[in-house]
Amino acid sequence: MHSIHEECGVFGVYADKPYAVAKDVYYGLYSLQHRGQESCGIVVGNDGLFFSHKDIGEVRTVFDGETLDKLPTGTMGIGHVRYSTTGGDGRNNCQPMEVNHQKGRMALAHNGNISNAYELRSKLELSGAIFHSTSDTEIIAYLVTRQRLTHPSIEEAVMATMPLLEGAYSLVLMSATKLIAARDPHGFRPLCYGKKDDGHYIIASESCALEAVGAEFIRDLSPGEVLVFGQSDEKAFSSAPARNGVTITKEAPGIISYMGHVQKKEKKTCIFEYIYFARPDSVIDGVSVHEARLRAGKILARNDSESIADVVVGVPDSGLDAALGYSLESGIPYGIGLIKNKYIGRTFISPTQEERVNQVRIKLNPVRSTVEGKRIILIDDSIVRGTTSGHIVKLLREAGAKEIHMRISAPPFLHPCYYGTDIDSEENLIACHHSVDEIAELIGADSLSYLPVDSLHELIGSNDFCNACFTGAYPTPVPENTEKNRFEQPLSKRNNK
Amino acid sequence: MHSIHEECGVFGVYADKPYAVAKDVYYGLYSLQHRGQESCGIVVGNDGLFFSHKDIGEVRTVFDGETLDKLPTGTMGIGHVRYSTTGGDGRNNCQPMEVNHQKGRMALAHNGNISNAYELRSKLELSGAIFHSTSDTEIIAYLVTRQRLTHPSIEEAVMATMPLLEGAYSLVLMSATKLIAARDPHGFRPLCYGKKDDGHYIIASESCALEAVGAEFIRDLSPGEVLVFGQSDEKAFSSAPARNGVTITKEAPGIISYMGHVQKKEKKTCIFEYIYFARPDSVIDGVSVHEARLRAGKILARNDSESIADVVVGVPDSGLDAALGYSLESGIPYGIGLIKNKYIGRTFISPTQEERVNQVRIKLNPVRSTVEGKRIILIDDSIVRGTTSGHIVKLLREAGAKEIHMRISAPPFLHPCYYGTDIDSEENLIACHHSVDEIAELIGADSLSYLPVDSLHELIGSNDFCNACFTGAYPTPVPENTEKNRFEQPLSKRNNK
Amino acid sequence: MHSIHEECGVFGVYADKPYAVAKDVYYGLYSLQHRGQESCGIVVGNDGLFFSHKDIGEVRTVFDGETLDKLPTGTMGIGHVRYSTTGGDGRNNCQPMEVNHQKGRMALAHNGNISNAYELRSKLELSGAIFHSTSDTEIIAYLVTRQRLTHPSIEEAVMATMPLLEGAYSLVLMSATKLIAARDPHGFRPLCYGKKDDGHYIIASESCALEAVGAEFIRDLSPGEVLVFGQSDEKAFSSAPARNGVTITKEAPGIISYMGHVQKKEKKTCIFEYIYFARPDSVIDGVSVHEARLRAGKILARNDSESIADVVVGVPDSGLDAALGYSLESGIPYGIGLIKNKYIGRTFISPTQEERVNQVRIKLNPVRSTVEGKRIILIDDSIVRGTTSGHIVKLLREAGAKEIHMRISAPPFLHPCYYGTDIDSEENLIACHHSVDEIAELIGADSLSYLPVDSLHELIGSNDFCNACFTGAYPTPVPENTEKNRFEQPLSKRNNK
Amino acid sequence: MHSIHEECGVFGVYADKPYAVAKDVYYGLYSLQHRGQESCGIVVGNDGLFFSHKDIGEVRTVFDGETLDKLPTGTMGIGHVRYSTTGGDGRNNCQPMEVNHQKGRMALAHNGNISNAYELRSKLELSGAIFHSTSDTEIIAYLVTRQRLTHPSIEEAVMATMPLLEGAYSLVLMSATKLIAARDPHGFRPLCYGKKDDGHYIIASESCALEAVGAEFIRDLSPGEVLVFGQSDEKAFSSAPARNGVTITKEAPGIISYMGHVQKKEKKTCIFEYIYFARPDSVIDGVSVHEARLRAGKILARNDSESIADVVVGVPDSGLDAALGYSLESGIPYGIGLIKNKYIGRTFISPTQEERVNQVRIKLNPVRSTVEGKRIILIDDSIVRGTTSGHIVKLLREAGAKEIHMRISAPPFLHPCYYGTDIDSEENLIACHHSVDEIAELIGADSLSYLPVDSLHELIGSNDFCNACFTGAYPTPVPENTEKNRFEQPLSKRNNK
């Protein structure tokens, strides 16, 4: 119940003979829909030809029987769900992006954000490049194309491109004959792969999408890894003198993993994937998302020295796991105290001020019998501006809650994210301007506490994560220019930071 | 996660001066969307004129900013969400139904099923009536119109119609100047009303819809009650000699309740409203739906003599409340073991057999860390054909569940429903053909038990409910002819049962 | 180029065995599209079941491959194109209208206007009828249904209904087993039938639609005729003593014509069908529409005593035939002087006043080389308000025309039409308020003349036509109440004329 | 009535202060719709920002009130209608194309075909360019962008690009501050400009579009001319030593014409613009299209030594002008003998063979009274495959025509067109395989003759035209590779001709 969004989800299929790949991509995208609801698309590759459909809207809107039937069978397919749009009618920014270049067609689906996009794009423009979109993906497409001019294979072009990129990317790329998956050296965003009974390989942002298509999870991609499906000429590659240090592993017939072509960096998986973005039934880098959330709830419970409530209520859907964790640790009963309207879609028309119906009321409604006369632990995963939390607290009070103690299963947001989420500029983050007590008062809670930053490692059992949005400790240089419309201006007029 | 559907939800607004009633009806329908997703509609009444929009589809599809803006302000509005369709492109069956008659316009929104529809319609046809739809609502419209010829007011026509109707109906009806709500003498379907701060009155199938528009719940309509909003001439009415026994209560200025115009009957609220149809945050006839489900879970727990499991998992969303009840009673921890994909819409394209991906897998996915190696109590609200349950059991086993003990928070379905739900004919009900043990084996569960019929009264603390789908004890005569297409044939060829 | 509209076109198919009737109806409706562009619909009958699709919009919009494919094969089909709508979103008024009654289903497509609709509807309402639409067709459906109660066959019910109806109707009606065509006793609107090579019979408003589906024209229906396709029991019928005077003709196996069941009346075919409504390639009651228009042009030429121009220009498309006639008679060359934009559709967004681009300019553009420096005879079929004519004259002057002599191939409109066209109330008819000379001045023409009323008979070679819009000589009593919204009010409040 | 298509129409507006430019572009595109019905688009420029809407479909489908209202006011706007698509869902190929480059945004609308596109694109690809579309326009966008790197203004970049391009282009290009129109040195496609009363300048493919928006025609662009609207620094430009020979004319304040930057070439306007593509009310390079067609008809008449017919009938709409010319020259009366159904749209569903209704019959219908018993001169503008002509001849015979003498107002197509029309490969051109007599027999005509190639100059009064489709005398080198899908293959696999 908040306004932080993941920007994308990616999905890919590789098969040895043509079948209805589009159907599998379609199911996969349905499973990744929580990562982006703004637009989606599928590209099918068959015998060197690409067939695609993409548009603004959720999977259920963009793909119906007719559009899906128009996509032919193929041996490869990639798909994308996307959150962000930067203006206009946005169709140009729908992914997967398809481009033609000297070596034929290429389609790319990208999750993440390139933090040096501004510099890369400026350089490309100075060499005469034209851009149809404002997305990072077009920059990646350009760089791979340019590298391809001097590299003998698409996978080598991808590997040569990766050292140029800073920031977050989990990439699925399709050429005429190969499917390539790549994860940035920090491993900001998840990416994993698996196999179906029928021998088809699946790449996906999250393991829940493997399961949706009946694939068995094999493993997560390692940070910096490039995985090539198709006939990669590993000999030619490994014998090249410049390739020292690159580890080439034959995963299976026709599948090769390349490691070591980029400088080894600290693993920095986005901790908020565990806290909020990913689906609880996914497992990322060996850690169950559901378990991580249970642990967050347990930590919150341990930090409350005494039992102060009668029932623990999670804000659906993302607060439910942590609420259960809090209940298990504290012994305070878990309660179903808020019901979420599951039919509200993108076209929902919000009430105006005058209509005096708050929007939260239509989306969430308290279960009076759970909350009436009770002291409540209310668990949510974040407070961004505080407005929504305030409304929820008010709803619960109106339903008779006696006390409301809000617990947040993450630390306070204090810094913007440059790695593929839309955690906002500081001016909009309530925690940048108010103390915890002030926030509690603003939202009307009897008490408020957050997950301590120094307990985040307990969620996943390691320190391999990015917590920059809480700490400002960015693993990469901060972008020079982050203005929304920077790429629509001439280079000379773009305001540097 | 099943295939039983409620057929409708109704909503109405009455205000003393024009405002954007359509907006409130819109929010109300969003809150009642779980009662019907096939079509929906809104009619606004202003100064004797009606303005409407209705179509096939969910609220979010049928109403966007443009269509909503086209509906003018008004002093009255009614709305409807509907499940069932009987063929064709179904637009004729969209509600509210609007008709013109001698006294002007009338709009009706109806939830329920008239069990003597066949006889009523046949009689009307024999007197020269024509029907544009196959819905019961048109029969009601006709009867009210005919009664109106000899009764001085629309509310008296409604009251004169009610004794002719058998079966279930919660009705909201709008004339040029009045809004009328009526609930059948058995009270099969819920109907309640409330008031907003600004003095507008709201009628709704469920209390959750009152809350959605910020209205305070006043009370449920009594079985057999007719509630008239607008200037009802109660004196003229009460003085009529034929009106003996009718109780006329002035609820508030301009709101009059009529009771006693129909023969008093046993209250027979549909128990499955509590078990599944209604939203858990609704309160029906004084009983919280969530509480009723918790109690169902507790009864199931009490009936399991020994603790046989490590975790209790509800099938989302409808099994969650009972699962929590089971957990609370048994002490076995509540677990989040299945995640439901919340984006799947009506246009979802199911996998074909050949695609070897089962549809349940895309809609539901197990949380491995919750279920792996565990003995599980799996709670769902019903088993209809058994197919879905079988798939869920299989998914959990694949995710490592050691034992799966299925508990159903309702008795087995053994009889069709004639009162507004689509509980099917006996040939499709698994419990009509198999013993409990056989069903357990068919769905692959280690054990299975149902809620005993004789404990149903514990759910709501009384015996005022209909349980005909479990027992065959129908409160009204069983319909003569229930064939789907009976009304499309000439009277002479319709097969009587 | 004007604002007078025909209200409808009808089409029907009858075959001995099932085929893709919907396709033929579709082509037929395309050919009748000029008779109504507001909504359209097709109903297919197969073995007693009806399947339909209808919606707001032109044929090309309402029917695409998918909707057409959904209509199954059948032995009968009827279709309708419609101009008029009276408010709301109008879907209820889409035709063919389908109703269920005691004897099963019935579908009706109607072209015309019942001039005693008000009285008929009031009577029906007083007997408890409800109406879903505001169209005359629903009244006819009711009357046929009521007659059916006491008549042994649908065709007898139709024949018993006709004496009750006043005004214009060309009707195609489909029951479970029969297709019936009926033309009112005055024969206001055209109706003809033909046969395809494969033995299928076609009924259509105009002969051009027969040709579109490759059918050979057989003949026009006579005024007052009822033509029954299907197994009509003519013996039972003819033997009835009450049937005296009814002529029963066996047209072909399974096709029977009934004449004489209604009082013989004067034939009063709408003369404006010839002047404007019908397609020039149609032949109505033995007279070519194109020829009638040529003759109108020739009469106009004869009435101009001296040759006053260099070129004759018709306003496309409806003025072209008369312009050619004028040229042939006068010897003044025919010129192509105005080009019509053929892509402008219903969604065309007209310029606002401020945008200073007149709408006519976008729809019509002069051919400068034809008109520059020339004295022009400009032929159009009518002047309603005068605005459009004024704009056209202005366009031609701007393109260099030296003189513009406007000739109208019809007399001036002075009276409203009650027989199925939308010739407006007198307040909007320019000729009701201005002399011919004044109109010439208002539209900026150097001279203006109309076709004399007393030469109308020359167009079709007889006096069997209605010219009430020019003369006020209505063949039937004038309707009591013609207010647009009269049926939306209670009977008591409808203002009688 | 044939299958040759123009590929595009372009339109542009330049104003000194913001107004609803999109509305004018909309009207302009409506007037150019005959030049392309496959997709269309509008880009509005305001203060350096671009706003656009484009999609597959005709103007009436793509733009409704809502989409048009979303486009803000601006000082510039360009629009495009397009015929051709090369596969996929084609949205990427919708124009105007918008790109971002180092100097900001640029939007291009292009009519024509670059005959050396293959070579240009290959070179660009070899330097690392990526392409999102398969259209020539993207190549032009790239070249202008690259030239912009070394030229101080956008207009100089355009001028530097033009010598690199071979073939046909009438281009409208918008930068942040300037609107630029350019016509290729051969002047294959028309392009003209004019001015509205309010001082706004309009550029359009045809003069009819100027008139549609109420603009006065100023003049056609000369072949090789570049016209710049906006503040062009003509001094800086003219002083540059390399600019010798460039004529710079100040058309009006803020409008500068550049000539002489490309090598002077023979003027080669497409003669088929006059014969078929353009609207008859347009004037191209000083010649009225209607007049040119009249002349074609007159030449055909002169070539028929004796009067062999009773009536001259044109195939609507494109054969009407020439038919009138034939009539005027020969004295044989002009007749309206075929009526075209004006409602048939892109979604028209053609009859299958089995349905035994020919498609031409639905689109065209003979006027029996004109043709019955007559000897007919039938005029059309071309015969491509012969199928349609054959159907028309058959229709006329069925309607009673005694003799049919077909006259074509163009010479026979013998060669493909590389300059922006879809005149097909030789294998599909009937005249490549059959003599005139054979064709007459194949289409069933009593006689057939074409316009002689050596009389084409009479149509426009000069020899400044391209007639390559009739003669094979191409003004530019013939493209190396014209395969439809050539750009979807890697460079190495593209088959050279």
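In this document, chain identifiers A, B, C and D correspond to the written order of the chains, with residue numbering beginning at 1 in each.
FYI, contacts are C-beta pairs under 8 Å (C-beta built on N, C-alpha and C of every residue); 3 or more make two chains touch, one makes a residue touch a chain.
Predicted model, so just to flag it, every value in this text is computed and none were measured.
Participant: Just to be sure I understand: going only through chains that touch, what's the smallest number of steps from subunit A to subunit C?
Facilitator: 2
Participant: State the pair with the higher C-beta contact count; candidates are A-B and B-C.
Facilitator: Pair with more contacting C-beta pairs, A-B versus B-C: A-B.
Participant: Distance from the CA centroid of subunit B to that of subunit D, rounded to the nearest Å?
Facilitator: 60
Participant: Which whole number of Å gives the spacing of the CA centres of subunit A and subunit B?
Facilitator: The computed centroid separation for subunit A versus subunit B comes out at 38 Å.
Participant: Determine the centre-to-centre distance between subunit B and subunit C, using the mean Cα coordinates as centres, and give it in whole Å.
Facilitator: Computed value for the inter-centroid distance: 47 Å.
Participant: Provide the list of subunit D residues touching at least two other chains, using ranges where the numbers run on.
Facilitator: none
Participant: Between which chains does touch occur?
Facilitator: Contact pairs between chains: A-B, A-D, B-C, C-D.
Participant: Tell me, which parts of subunit A touch subunit B in their complex?
Facilitator: My answer: residues 20, 23-24, 26-27, 30-31, 33-34, 37, 58-61, 63-65, 68, 197-198, 208, 211-214, 279-281, 283, 288, 290-291, 317, 320-321, 324, 327-328, 333-336, 339, 341-349, 351, 355-358, 361-362, 365-370.
Participant: Using the touch rule from the top, collect the residues of subunit B that touch subunit C in their complex.
Facilitator: 48-53, 88-89, 91-92, 97-106, 122, 125-132, 134, 138, 141-142, 145-146, 149, 176, 487-493
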